[in-house]
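As structure tokens, here come the structures.
Presented sequentially are two complexes of chain A, the first with chain B as partner and the second with chain C.
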Partner chain A sequence: MNRIHQLYAWLMLLPALVMLFAFTHAPTLSTVWHSLLSPARGGRPQTFAGLSNYRMMLEDDVFWQTLTNNLWYAAGTVPSSIVLAVAMALWVNSGMAGRTLLRLAYFTPTMLPMIAVANIWLFFYTPEVGLFNKLLTLAGQEGINWLGDPKWALRSLMLMTVWKEAGFFMIFYLAALQSLNREMYQAAELEGASCWRIFRRITLPLLMPTTLFVLVNAVLNAFKLVDHLFILTKGGPNNASNLLLYYIYENAFSFFNSTYAATLTVVLLSILILLALVLFGLIERRVHYR
Partner chain B sequence: MQTLSRLLSTSAAWLLGLLWILPLLYAVWAAIHPGEYATRFDLLAPLTFDNFTTAWKHAPFMRFMLNTVIITGLILAFQLVLCTLAGYALARMPFRGASVVFGLILLQLMVMPEILIVENYRTLAGLGLIDTHIGVGLPYMASAFGIFLLRQTFRTVPQDLEDAARLEGCTRLGVLWKVFVPLARPTYLAYGLVSVSHHWNNFLWPLVVTNTERSRPLTVGMAIFGAPESGVDWPVICAGTLIAVGPLLAVFLIFQRQFVQSFMHTGLK
Partner chain C sequence: MLRIGKRLLLVALALLAFGTAAQAKTELTMYYPVAVGGPLTSVVDGMIQDFERNNPDVKVNAIYAGNYNDARVKALAALKGGQPAQLSVLFSIDVHELMELDAIMPFDDVVETDDERQWLQSFYPALMENGIVNGKVYGIPFQRSTIVMYYNKDAFREAGLNPEQPPKNWDEMAQMGQKLTKKDASGRVERWGVMIPSTGYPYWMFGALAKQNGEVLMNGAGNEVYFNKPGVVEALTYWRDLSAKHGIMPQGAIDWGTLRQNFMEQKTAIMWHSTGNLTAVKESATFDFGVAFLPAHKNYGSPTGGGNFYIFKQSTPEERKAAIRLVRHMTNPEQAALWSIATGYMGVSPASYETQALKTYVADFPAAAVARDQLQYATAELSTHQSGRVRKLLDDAIQSVLNGEKQPQEALDAAQKQAERILSGY
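After this line comes the complex of A and B, so read on.
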């Protein structure tokens, strides 16, 4: 009986496990293996090359730049989209008139494909006729070459990412806010606590588990989201806005150096797993007071 | 003082809302006016639908749309079956090694198929599935998120219900189908919405694995359509973008209340 029970459980898991193995576990392992091979050149088969790809990576300025860019990108987009998401959720959760319309407005970017909205944003960023420069000119300022200037390219990408992500995170905060206990707020109001004080002492601590969940998503996203690069900058100018995953794509499918792409993928995988472990560790410790 | 701060807060909320909807409003404006008004905002500018017809002729939107529908449908159907079976086994059938298996599944939450594009492309090429709908869908069919979500939901089903059904002579799969699946309907709905919107918008993997109109989804079609080399001007790009996102936007507008609520019911927080 127990044998049959066990067999049954494994049979039910089998389809999912086969797929996961084929498209997650096996490729992860073979990525590590391929990162240790030398690239095939001119019909010569790949040979074992030890850590030479990694040595090349350490000397590759573009790698360091994409890594730094990615860290700045995460540092710039994650906190600002979370703060905006909390503000949005508080607004649409309050008794404000027209909040359905507002909720819709905030959430629209989330619904639309990144590629579609990037097509539109590309126009906003265009130097001569773009909307942003028109506004700057109206304000008597000089226009900026948003995507063409190395100083601004990454920031322009970040701006669009915040716009895209804040509304998505808002949904999670809205869900959390609606499940909060009303009585606690009534008690606080009876005692004459100010809005700001209620927010800091009650709402914010109760939103901590949501914040950690959103944080995990936001940080992982910062390393995974590259769609807009394909439309807006292609990593340029001169790699000023290049990110790790896009650089992997370039190496694999434009420069046809799949072993180096594998090496970079190992780095990205390590970053993601390390981040996830740290963040899940944080959640484990924090979630209990809920 | 109170009213002043409330006024400030309300105007900030609306200003932000306006900024968030602005790109879409702009796209609508540019799409329904002649090219020279794309940057000149004139309330009396003449209206035109030429941009839509130009865009429509320029790219096979119907084909892209059909591809997207097939791909998202295919992925969702497989996900629902695979995740239901796996989620049930993990929630209700204690077996040796269950926690290790669960850990291996959860690994996919961090290592998404997008990151493994190089290796997954190799696998798909080996299977001869490049440029097919099934090729775009395959890496996503076993979804760790779906398995996790259904496992959590199935765990909350009372044991008595399952025992009663078993006593009535239901098989394991029968119990799963008649007791667990109906009770998990809100979870299925929420997961379905998340999955569809994710795969409808997905870009990087379809870009890598498709190379003709036969299998290209909307996102990849749009990227090519909007590229400077394609020689289309802004209003036409805007019109094309609206054609492409129109159906999704319409569905969202109709179901937005359910959409938001289903997020809340599943405890995705």
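After this line comes the complex of A and C, so read on.
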């Protein structure tokens, strides 16, 4: 009887397992295999090349630059978008007038197609005719070549990402805030705790499960960014804003070097797995689930 | 009763089968890119409809696929995904890569009649340079361009310059640029003298500067590049000096996509851009503008640019025949003239400039002939084996110099060395 139950369970799981294997595990394995081949060129088929792609990667300056850029990018966007999201959520959770409109406004970046948005931001950033420099000029400042100056290109990308991500994460925080237990706040008020103290000792700890979820998403997103780059900088100038996934795309489809692209993908995948493990391992212990 | 019904049904089915057989259409799928401004997809759709009207046995799915990179990616992905396109308009300089991927076939292998062979000879030779490999025609010119100099005549007048005398050489451009650069009371630049785009296709603009200095960037076989020859280094030095020394061009990268907007809002007096933008500029300019040859140093010069028709190997003989008919339609003198008027891309054959439509247009708007007249000084666009990677090396070198990160000699030496390593296998 138990056996039949088990069989039944496996049969029920089968469709999901097949999907998982076909669309997640099989491509992963084939990517690893491809990273060990040499590219097919001039009618020659792919041949086994061992670790030569990995050796090429270690000597590839652009790869190291994209990796460094990516780390800076994650460090710059993740904390700021989360802090902003919490602040916005607290604000639109208060009983102010017109908050529905405000919530909608914050959520807009998430609803709009990113390619279209990037096109608009491209014009915001344009030095001579763009919105940002017009504002700077009004304030009596020199304009900045936002996307054309290697000092600013990556930061400009970060700014747009924070704008986009904060609105999205706000939704999660807003949902979490609304499910918090009111009694605890009433008790704290009776005790005469200050706003800041209530926030630090009650709200923030209770939001930790959400923060973990948002943090993992934000970190993974930072390494998966590719769409803005197509429109805004194409990784330039001189790779100043090039990121790992865009470089993979370039290798696969601009340079037709799919095996090297597979090698870089293996690296990206390892980074993502590692980060997810670290985040869950380190933070989950501090998360308080009810 | 039942039997009669059955019979009727059979007859109806037979008729239906016959009907569909008589209408069996050859279906062609083609991808095409748009890299300049203006509503060009509707123009292409119109040309395709015209073709289908005259060729009822062929159905064409023309798919707009973004810029040149996107179009190539989509066409190749379709090939791999088992839903191949039979032909496509792709970057003219992708030819070596497409051959290496075994994706395309020469037009010579499809044409049969003398008439068709003659058609292969009917285009401007300069436009065929990127399309002919090992003596065979792989690419038929369609949306082809040279870089031209757009300039704001009103700004010239304001600066006390003759609006009919745009700069003819590098020195003149630097001098006039100084007069054209307008600053406000606090010293902020309100209008720049010149802008040369350095994102998107920097190697293309650089090909023009090199050619003006009497140099080309690569050999015809695409296995040698000449990035660090003295004349080439000098060309990059001049480009950098426009901002670093003369102060007439903004520092850092100038965006390909927004440059036209800069010109339209009179933020720059001169822009270098593809002639493919001409009609879009003409339609939205609120000021008097002119179009001229790029300035010379040792001589005039510009690379050709743009997209060619390719025929893919994964196709049946009928589809290839139909594809030839379509390409002939799209490039025949009348259509080429119409396309040129709608976009600013040049008429691809001398015959197109003999059509009444283009004759009238050029007489009324001489700027439309500048790109064609510049063809006699044109050279092929940078195209090598492993084109994408080699091109990126040069793009990065150019941008690093314009940013002030590296010196021209140093940057181009490095690019040359790496390109040689990549090309050593060919």
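Odds and ends about this structure:
One rule holds in what follows: the second predicted complex is superposed on the first by the 267 of 290 C-alpha atoms of A that agree within 3 Å, B and C clash if a C-alpha of one lies under 4 Å from a C-alpha of the other, contacts with A are read in each partner's own complex, and residues count from 1 in each chain.
Definition applied: a contact is a pair of C-beta atoms (placed from the backbone, for glycine too) under 8 Å apart; a residue touches a chain by one contact, two chains touch by 3 or more.
What you are looking at is a predicted structure, and each value in this text was computed from that prediction instead of being measured.
Using the contact criterion defined above for the overlaid structures, shared-chain residue A:20 touches chain B, although it does not reach chain C.
Looking at the shared chain after the overlay, A:253 reaches both chain B and chain C.
Applying the stated contact rule after C-alpha superposition, one finds that A:106 touches chain B and leaves chain C untouched.
Once chain A of one complex is fitted onto chain A of the other, the partner contacts of A:129 extend to both chain B and chain C. Partner contacting the larger number of chain A residues, of chain B and chain C: B.
By the touch criterion defined above, A:60 reaches neither chain B nor chain C. Touching of chain A by both chain B and chain C, each in its own complex, is seen for residues 122-123, 129, 253.
Against chain A, the residues of chain B that register as touching in their complex are 5, 9-10, 12-14, 16-21, 23-24, 26-27, 30, 38-39, 81-83, 85-86, 88-90, 93, 95-96, 98, 101, 104-105, 107-123, 138-139, 141-142, 144, 147, 172, 197, 200-201, 203-204, 207-208, 218-220, 222-223, 226, 234, 237-238, 241, 244-245, 248-249, 252-253, 256, 260, 263-264, 268-269. Per the touch definition, chain A reaches chain B in the complex via residues 5-6, 8-10, 12-13, 15-20, 22-28, 30-31, 34, 84, 87-88, 91, 96, 101-124, 129, 131, 134, 163, 166-167, 171-172, 174-176, 178-179, 195, 209-210, 213, 220, 224, 226-227, 230-231, 245, 248-249, 252-253, 258, 261-262, 265, 268-269, 272-273, 275-276. The residues of chain A lying in touch with chain C in their complex are 41-43, 62, 122-123, 126-129, 137, 142-143, 145, 147-150, 233-234, 236-240, 250, 253-257. Interface residues of chain C, counted against chain A in their complex, comprise 69, 72-73, 76, 97, 100-102, 188, 192, 198-200, 250-255, 257-258, 261-262, 265, 267-268, 386, 388-389, 392, 395-396, 399-400, 402-403, 405.
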